[in-house]
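Take a look at this one; I'll ask things after.
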Amino acid sequence: MNARPARPQRTHRSGPRPPSLAGNLWTLAALLLLLVLSAGSALLRLGPFNEVANLGIAAVKALLVLTVFMRLKTDNALLRIVASTGFAWLAVLIALSLADVLTRQPLLAPW
Amino acid sequence: MSTVERVPPPRSYLEEGYGLRSWLTTHDHKRIAILYALGITFFFFLGGLAAALVRLELVTPAGDLMSAETYNKAFTFHGVVMVWFFLIPSIPATLGNFLLPLMIGARDVAFPRLNLFSWYLYVGGGVFTLLCLLLGGVDTGWTFYTPFSTLFSTSHVLLAVVGVFIVGFSSIFTGLNFIVTIHTLRAPGMTWFRLPLFVWSMYAVALVMVLATPVLAMTLSLIALERLFGVGIFDPALGGDPVLFQHFFWFYSHPAVYIMILPAMGVVSELITAGARRRIFGYRFMVYAIIGIAVVGFLVWGHHMFVAGQSMYASIVFSILSFIIAVPSAIKVFNWTATLYRGDIGFDAPMLYALGFVGLFMLGGLTGLFLAATALDVNLTDTYFVVAHFHYIMVGGAVMAYLGGIHFWWPKITGRMYSEAWARFAAILMFFGFNLTFFPQYILGYEGMPRRYHEYLPQFQVWNVLSSAGATILGAAYLLPLFYLAWSLRHGARAGPNPWDARGLEWQTASPPPPHNFEQTPTVTEGPYAYR
Amino acid sequence: MSARTHPVPEQFDDPVQQREAATLGMWAFLATEVLFFGVLFAGYTLCRVMFPEAFAEGSRHTDMLLGTIETAVLLTSSCAVALSVREVQLGGRRAATAMLALTAALGIAFLVMHGFEYYAEYREGLIPAIRYTQQGVYARGMEIFYCLYYFITLFHSLHVTVGVLLLGVMAWRTWHRAFDQDYHTPLELTALYWHLVDIVWIFVYPLIYLVGRSG
Amino acid sequence: MNTLPQASSFAPDVDHLFDALLLLCGLVVVGVFAAMIFFCVRYRRGSAAERMPARAHLGVELTWTLLPFVLFMGIFGWSVHLWIRLRTPPKDAQPIYVVAKQWMWKVQHPDGAREIDTLHVPVGRPIRLVMTSQDVIHSFYVPAFRVKQDVLPDRYTELWFTATQAGTFNLFCAEFCGTDHSRMHGEVIVMAPADYARWLQAHAGIGLAAQGERLFRQFGCSGCHDPQSGVHAPDLYDLYGHTVPLSDGSQVLADERYLQDSILLPKKQIAAGYAPIMPSFQGRIGAEDVLALVAYLKTRTHAAEDTDEHR
């Protein structure tokens, strides 16, 4: 073994402080409420807003899980960047390939 | 590889154990790098053999050497092996694995066991690919375009797809390891803007590997499922869209080109600064260029699909993004050239490789502009012009840089010097052999010879013969290092810790380094390339 | 091995650095997972743009009630695993183990319910290539919808299965005092993984079960 | 170095752009190579050149960042201008139908002439190829015209050009399509308009509509759709161009798309008052045959018979 740490040994309770019990439970309640809202709004005839509501609610739910359960709110900022990178890249994939499909002009047979 | 007679103060990593078991269960990033090097060399020559068959067939216009089917399998095998089993792992998995911890002053990568596991995945993927070859091969081209690969090809597409799928995980885990290592294990004082450009390029590559490879893996799984069950989202009989496959495939495979070329740029930055004994010109611009290429590289995939049935407007968007990505590439070439200014330039073999790289990369990069221009691409795409273009980047660029890097760090890796005369000869031979092989292909493509042709019209023969002649020279030039490097392992002069008088952290430890890299964790006080 | 004597691997300076590396690695892995599933979602988006009515029709053939219950189950399990990490951090070994066991049980419940869904779809003839008996205008577009449905849900169920196994291991280790306030990184990583499985399902739910329900 | 004929109206324009870009790139290559060689010689190790440290200069960096950027944007603009022209066929372009299959090109002229692996076109007239594939992806590539377009299964893609010089030019398949990919080549024969007219007359086989009539019996369509038939199916006489009431209460105009869909996807739109009993012909009938059937149905109208436009 070669030279051990060059930095002074750090000791601490690792990880961010746990969120409160109430915080977790309230988040769960909010998630379940949003689920009911999502199911309910899907049954209403809202036209294109059905889609907006569905995906909007899903995004809010995902954000709740990310920030509270996965502790992005209190953990290292780098982790927030890493987490958003994955979603951002997915957005690029979807957006640019949609750019093709949406602007295609379908052709019919010539006669 | 015995250096028993020497009794160095610290035992080197090579002397940690000699049995096969000590290698196959090692967690040392340096040993894993050597394991990778062995696999990669094997696949390089295997893929090269396939290329040799292809070039031999193309000496005459008629398909007289082998059947069309065999020819198709030969170029497919060449593509699959060279892309996934040589080019993508080449620099990151060997030089990157070996040097990254050394360059940032770490004792190992962050997850040594995962690192070894990546190598086993690489081998596993290789086994499937070889199995595919032994059972008769695959004939879809390395791009696996649907619906040919899903509904029409009768060859062993599944095996090839599984092989590539597995090796994809190897590359994901390597990338993950690098990202975490660079973030968490830098030595004290090694700030982000003191990182050598090679480390920056590894960081960018890791980013691309982690974010792009899953897309390929999933797309290949979709192909496998569609082949197994006969339905799927690419199936035109259901109204599915084969162009969708091309979107997903190139979302990975275009950034994959940057997986191949970014590390090469990193290596060359090290080589040129050491050869010219100068600070890199415009360090920060070089860093921004690396990151810029890695990020914008994800936005240009559609330039492979200008004539594929993509909408006219989407093509325009992809075209402008492709022009934009040429800017950081240009910055890099200009900065390398400017680094030579007022240098103290020696022409050791690594420097020759690096200069060769800059020349070939520039020719390859500039011809990329022709392909980025939609109106020109219509004529040039799917012809030999494209073949020449990407070989200039991937073979002229990446392989030159890889070999240059191998030569540069050979004394560090093995503790021995190779024959300088032979090495210079090989570098020069390679440069000329390469140009003779691939420059004629630009002309062939411009004249309209489509790629992946087993037979061709007699009017194309002159250029094809020239190209095949060049390939012979190139093949010889690639074989040379195999011999003189192997020779050096036993008979080469012993190398000191820093034979090139270079400045990176990796040169501050013994050659070969001790198992945990440094006697004392170094503290960094200045930026990289502290030459002048 | 007791958490107190857990050695720091030699490449790390101290436990803090080790935890930083481990969580960063896990999050990077989760980013690749996002893109793994992302391809399927991208395929879904593009195909849905091409066949909007067929996708709505296909969605109406799914079991919305079961889907909603499954979502609720996964959300609850996500909360449970978050609480188990919290308990370990506060020193509550018994409660943490119970929470982990609950999470795993909810995961299994999810799989069972999904199994019932698959069976119902088999009987209805909605499984492309295996038993697909749909006729009519939207039959082809629906087949694409169902291809995607099976790719996404099977791949997700695979993740749930892996997650349940991991949770079982973690429950066992927690019970045997492998983790304490200072060292519980494996548990934390397992929880992160389980949350991602949950997030994927949060998006599956509206895209698979809720399309065209109002029409 | 250009031995490739410029045989279409695009060819000179594409070549101009190519040459301009070639010149630009050539200048860059010569410049960088000259600088590299000059530095390598002057600052070789042991030379007596001055070696005061040179600092990176922001102005220099910005110059060689922005200058290429502006030049690239210029080339991009030029290229897009040409690209839009390449992709926008004029309204009066003559359509010709191309079906690709492993490994041949089947060409169908509107008035019935059919050919395989050759395409006859007149000089000076815009031609619009409407292409589809029966199996895998192919690519229609005529180097002398500087045009190329992938041909996809179950979808139509188009390509247009105006040939400017008579002669015979190579036609290649440029997208790898299987074993005999390299043998899937043909010829485009460009003829003077008068010669072309003569050629057409000599080769005008039976017209599409006549083929359609034959197929109408061959596929058993007449078994149900003839007025004398015992099956309760719509009589197709005088269908084209009229509105059809559907079973869901809506109405649809019987255009080409409706006819084509009714053959391939009969259950998509059910005519009011009829049971959805017609089987789908998807996968049982080739793309060209659908066209022929549609062409035939279009002739079975009062209007068409009166003016006798059809053959």
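Chains: A, B, C and D, in written order; residue numbering restarts at 1 for each.
Note that in this section contacts are C-beta pairs under 8 Å (C-beta built on N, C-alpha and C of every residue); 3 or more make two chains touch, one makes a residue touch a chain.
None of these values were measured; they are calculated from a predicted model.
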(request) Using the touch rule from the top, work out which pair, B-D or A-C, shares more C-beta pairs. (result) B-D
(message) As a quick test, compute the distance in whole Å between the mean CA positions of subunit A and subunit B.
(response) 34
(request) Would you mind pulling out the distance in Å between where the CA atoms of subunit A average out and where those of subunit C do? (result) 14
(request) Any chance you could list the residues of subunit C touching two or more other chains? (result) 10, 17, 20, 24, 28, 31-33, 35, 38-39, 42, 46, 50, 140
(request) List, in ascending order, every residue of subunit B touching at least 2 other chains. (result) 107, 183, 211, 215, 239, 241, 243-244, 247-248, 309, 312, 516
(request) Could you list the positions in subunit A whose residues touch two or more of the other chains? (result) 1, 5-7, 78, 85-86, 89, 93, 97, 101-102
(message) Graph shape for the chains shown, where an edge means the two chains touch. Line, ring, star, complete, or other?
(response) complete
(request) Going by the contact rule at the top, pick out the subunit B residues touching subunit D in the complex. (result) 63, 68-69, 72, 139-141, 143, 145, 147-148, 151-153, 236-237, 239, 241-243, 276, 279, 281-283, 285, 307-309, 312, 315-316, 319-320, 323-324, 326-327, 330-331, 333-335, 337-338, 340-347, 355, 358-359, 362-363, 366-367, 369-370, 372-376, 378-379, 381-383, 443, 446-448, 450-457, 532
(message) Give the list of subunit B residues in touch with subunit A in this complex.
(response) 107, 183, 187-188, 211, 215, 241, 243-244, 247-248, 251, 298-299, 301-302, 305, 309-314, 317-318, 514, 516-521, 523
(request) Would you pull the subunit B residues touching subunit C in the complex into a rising list? (result) 101, 106-112, 172, 176-177, 179-180, 183-185, 210-215, 217-219, 222, 225, 229-233, 238-241, 244, 247-248, 516
(message) Touching residues of subunit D toward subunit B in the complex: what are they?
(response) 1, 3-4, 13-14, 17-18, 21, 25, 28-29, 32-33, 35-36, 39-40, 43-45, 49-54, 56, 60-61, 64-65, 68-69, 72-73, 75-76, 78-80, 82-84, 86-87, 102, 135-137, 139, 141, 143-144, 146-150, 152-155, 157, 170, 172-183, 185, 282-283
(request) Can you check the complex and tell me which residues of subunit D touch subunit C? (result) 265, 267-269, 276, 282
